[in-house]
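In what comes next, chain A is part of two complexes: it sits with chain B in the first one and with chain C in the second one.
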Partner chain A sequence: MNTWVRIVRRREFTVFILIVILSIIFAVSTDRFLSISNISNLLSQLAGVAIAAIGMTMVIITGGIDVSVGSTLGLACVVSGSLLMIQAPFLLVLLATLGTGLAVGLLNGVIVAYGRVPPIITTLGMMNMVRALVFQALGGRWISGIPPEVRTIGLGKWLQIPLAMWVAGALIVVFSYFLSYRPLGRSVYAVGNNPEAARVSGVNLKTTLLFVYGLTGALAGFAGLINVGRTGIVQTNNGMGFELDVIAAVVLGGTSILGGRGTIVGSLLGALLVAIIKNGMILLNIPALTEGVIIGALIIISVLIDLVRGRGVR
Partner chain B sequence: MANILECRGISKSFGGVRALNKVDFFLRPGEVHALVGENGAGKSTLIRIISGALMPDQGEIYYQEQKTEITSPRLAQEIGISAVYQDPLVYPYLSVVENIFLGREIRNRRGNINWRQEEEKTRELFDWLGISPQFVHHLMGELSVGVQQLVLIAKALAYDARVIIFDEPTAILTEHEAEKLFEIIARLKERGVGIIYISHRLEEIFQIADWVTIMRDGQVVGDFPLSEVDRDKIVKLMAGRLLVEEIEHAGQKSREPVLVVKDLTEKGRFYQVSFEAYQGEILGFSGLVGSGRTDVAQAIFGVSKPDSGEIYYQGKKLELNSSEEAMRLGIAYLPEDRKTQGLFPILSTSYNITVTVLNRISNYLGIIDRNREREVAERRIKELAIRTPGLETQVFNLSGGNQQKVVLAKWLEVNPQVLILDEPTRGIDVATKAEVHRIIARLAEEGMAVIIISSELPEIIKLSDRVLVMHEGRITGVFEGEAITSENLIRAATGERMTGANFPKIEEGLP
Partner chain C sequence: MRNIWDTVISNRVLFLSLLFVILFVFFSFTIPGFFNLYNLSNMTQYGVELGLLALAEALVILSGGGGIDLSVGSMMSLVSILMGVLIGRAGWSPVFAVPLGILAGMGMGLFNGILVSLGRILPLIVTLAGLYMYRSLALIIAVDPQFGPNPMPVSTFPESFYFVGQYRVGGIPFQVLFIFLPVLLIFHFLLSRTTWGRQLYGVGSNETAAVFSGINLKKVRLTVYTLSGILSALAAWVITSRIASARPDVGTGYELQAITIAVLGGISIQGGEGTVGGVLLAVAIITMINNGLQLAGIHQIWQLGALGAVLVGSVLLNQFLIQRRKI
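Up next, the complex of A and B:
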């Protein structure tokens, strides 16, 4: 098949076209969409979703799902917020935040890989437990008034682009390379394609699952740090609904919910599409409730398209 | 030349049943060694041991003159023993290149995968095998099973295989693809690869094999260079002297057939199948798995729609749109896979028995009358001697044999005129099997038309009054009385056209 035909038929291409079309619509119908402050705002919100989507892409490629990322982000916000309040060294804050996310993610991974509990159940339970932990830790109060000097990760910019987005970009490049060129990266695909064949070829299923869930947790934690940096506030509801955005980004970006295929770049485009829809709706003063309807419908439609097309292969 | 693989005195039992009994098997490099035998003769157990999927209970394997313990399929592959199974283990959404190299990537100094070199190597392998290079960039799932099989051969070569096992490779191939495969096998031979070739198609074996080992009942019963045997001798050895005690039943064969099938064809599955079934008679359907037996049964039961041909039931033309309709008319079909198609495993025994007659046991409000349900279930449990701790016991707790009796009971409740049983005793212990056989005989006695599909020759021979044999979607033999012998059935099942069958002329454009 012709290379160009292949590119055009990819989901990433469709999403890219949608992004362009929506951008044009919003640019024409509002005067603020293309303003530097709006774009910068959009990108700094995008960064967290894009980073967590890296891990989520891998989880979904293995045929799993992780709905606990929102709660994990919430818990990471509590940890990083508390440490930033006492002006702890940034390296310590970073490690503690990543460590918190990693711990939750590894716990998911252990339960899925060793306990063989279905991922949706495991992470649904984890989502509720971790959220309860957040409530417990904050005790109904907010953490606020974190000084801007320690919030560089959320507020900083370089060449007009938020620092967090640069980090997200770097992580996307690194992990895309990892997925394409490292044997562990390929085993993520192998597990999602045919676990039995993977086992026979010597792929370690358990290691692979621990890795993807652990990574997803750690990245969700990192997204929490960015969130605190950006807003300077920690609330009990930080990250509620975040999992929906991340999963939407991944499935919109062409990762099959049945596992086996998908790319991180696709998820970035999916995240961008979600961010633009949300942003444009605010600018157009469309009620916030409609947003949920649109994102939810997009998830269902893209999975539907995927399943209908998937029937051809195999 | 020295043997590349020697299996000496291999024995293997599963739960007290001897699958292999002191089997010796020798393979020379550059030899195509055919392995033949009826279902259950032990071929697949033997190759699973050779390819590392099973460990033998006794015996030794020497590979390249070294005593070797093949503990896993991975190890087997590493040391050069690869198996190409009927149902290929592939990664459908990954590229052909990756399907070959996954788990054993070509890496550069930093440990990264060297895609370019993997692709080059794939091209080389494809070139050597004569596979079109256009497939290199495809996803595996986009290819036909035939081409997938070729990719798996390339994979075996990438592992530098010295022994390649083919398990009925042509069963899923078109004729053209099969010819291509034979060419490749010839080239592998030249390269000195030892090939173990399992097939039920004897004509193929005479075309490509050098040596043949014949197995029966877990033992090797013959081991010859192909030049020293003929088809007759192989069939005789496969059949052996089966000791079958026949079950007599006093069923009165009806004068008029209850079911008449004429020229039934469903493209790709079966062609021009014609037969008649009578009340009070047990009609056996023999042949290999995949020969179309089950497909014919499902067409009669309304599960699939045939492309052409007619079915007459009780003298009237039958046009079914669903299996519910077939049931209402009195045609029952017990599927092969009782777990997924025949039972509700987590529901009670009584529910499973009465599920087909819920209307009859419910009152005018449509609410199930528990007393009536219990009555019906208890009667059948007693009649069929179903061993269950109680009516409320979930059926997955019952033994395989008793589960099968539950399935039988539920169909008997609808009092069918025609009862089709697909592999009714698969996976059932010997004692229960005999009971199920007696039940089947009694049903015929009571005037039912019973059609039994089975891969086990003894079962067919024991029960049937008349036997149809299918091969690749066609009836190749019809036998009655004395003519029902294992030898005749094997001949017909391996594609020989036997007298007694009405052979429609073969059209063009068949698979």
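Up next, the complex of A and C:
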């Protein structure tokens, strides 16, 4: 009985119920929502946000935030796009893309952990600097015409489900396990709950911070590779506003912005909810312009629901 | 000598003043066309919108409790297109449309403030939601059914609308003299000379102590978010008049620049620390860098890049100094 009450009271459950209700509404009111091509399309758009949200969840659990993921994704798009154009081996493309993201992320981590600069400041500055770099690298031009045969990571499917979503799923399982059962994973929560207590009980604060920011950068880079694979185009504004989508997914999924609480599965559900709303609105011919009103209202409503139940956001 | 240097870098206003002078001299000697009266007075108008938004951000961050307003850019967009639609499409006189636009900004700020102070939801969440909602509303308002379902900018204004953003008084842009400077002076006075100002610093630096000394926490926070909305609306009025066009996406990205400038100006992200003077200096420096880079023919994306580097660098330096002082 008690376990049931605990599950029902969680934010993940609220979001899950919302997903179910909306899916039923869309399935009844349109005939395309449940079609295989639509679901596969929805999932391939979801994958990038879901992957970056893994890292963002951890960053926010430590009490931080990373608004530079959109620019990191943009830079990774440039790197992977250029390499795919010259038909470089996939392993090289993958390593270069992850490496690019990791480098940006680690730089964030070093400034936050060793420089003690607040995360919002660090990543805000990084966002602008990396975006300038993206612009410089592209020189105002596009990279387009990347051949489909090297875009498997974005276009490929297995059992009708996009390859990128399989990867996202695997990463979510691995990192959920990691966060719950490995010492470094537990220290992510410890740092967010009480940094001083964590330090005294032997948690290495700096290592933990380097790890979460580095991971977030690498995963944002990977999301960039998927993006290039899916669209085949690299533009200067790739990933602009991506950081807000990822943060919205994590916040909707119940991760406390004050740190110390949250799950990766919650963030996946948050991302799925947003993706379903966007998709359903297109199918129902509701102008995409109203999307922001709905996502914004949902963020506030879901937090208010928690408040009314007396759980609080604090 | 070492002592003088220490004072300069640990006092933000002094440090920024010095940086301003150094950059000014450097640009004057290296960039042709920088040091002449026309460019110098012309340059000031570009700092007004950003300056108003940075001031809004400064007030909100000062109030503490994780205070931040991510929605200033979206509020600016919404007010801009609202004024544009009322004047350009519905044929209203600016005399009515502008006050209504400012009122709309106030309403949005009040909504944020209610959720933050009475709803007790964290500012980052409230204003992130605000960013989405107001931006989306701006796009919806911008749709002109006559021309299909897409949002359209409005550029048909009567001549009388342009005085704010395009006229000059004694060689100085109107909006600098009659909007930006008065607003700065008012807020400088409010923050340093009134009870309200002291309460704001009190709430920002130590919430618990402030509550125990009888300060109405909720009222103070409600006020700053509302003021943020009003200042964003003022910025919208100025920019719409200056570029002679109301665009539903005019404020995109401004929130991050505004935060950057507030923090560079010495507003502590933890709240309760910083001055209007510091913010003014930061606005001046950034506007000057933008102008200098533009005259030197460097693309504006590098202005953003430079802004990022200056932000992280200045806070890093600050933290380094705090560390050293402790030892």
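Annotations for the structure displayed:
Keep this in mind: the second predicted complex is superposed on the first by the 296 of 314 C-alpha atoms of A that agree within 3 Å, B and C clash if a C-alpha of one lies under 4 Å from a C-alpha of the other, contacts with A are read in each partner's own complex, and residues count from 1 in each chain.
Here is the rule we go by: a residue touches a chain if its C-beta (ideal position, glycine included) is under 8 Å from a C-beta of that chain, and two chains touch if they have at least 3 such contacts.
What you see is a predicted model, and the numbers here were worked out from it, not measured in a lab.
When both complexes are superposed on chain A, chain B and chain C sit side by side without a clash.
Within the superposed three-chain model, A:Ile39 lies out of touch with both chain B and chain C [touch as defined at top]. When the shared chain is aligned, chain B comes close enough to touch A:Arg182, but chain C does not. By the document's definition of touching, of the two partners only chain B reaches A:Val203; chain C does not. Set against each other, chain B and chain C touch different numbers of residues in chain A, with C touching more.
Shared-chain residue A:Leu22: touches no atom of chain B or chain C. In the superposed model, A:Asn193 lies in contact with chain B only, and not with chain C.
Annotation: superposed on chain A, chain B and chain C show a minimal Cα-Cα gap of 5 Å. With the contact threshold set out at the top, residues 313-314 of chain A are in contact with chain B in one structure and with chain C in the other. Per the touch definition, chain A reaches chain B in the complex via residues 180-183, 186-187, 189-190, 192-194, 196-198, 200-203, 256, 260-261, 313-314. For chain A in complex with chain C, the residues that touch the partner chain are 65, 67, 111, 115-118, 120-122, 124-129, 131-133, 135-136, 236, 244, 247-248, 251, 257-258, 287, 289-293, 295-297, 299-300, 303-304, 307, 312-314. Residues of chain B touching chain A in their complex: 73-74, 77, 89-94, 98, 102-105, 107, 111-113, 115, 139, 141-142.
The residues of chain C lying in touch with chain A in their complex are 66, 68, 115, 119-122, 124-126, 128-133, 135-137, 139-140, 143, 149, 151, 256, 259-260, 263, 269-270, 299, 301-302, 304-309, 311-312, 315-316, 319-320, 323.
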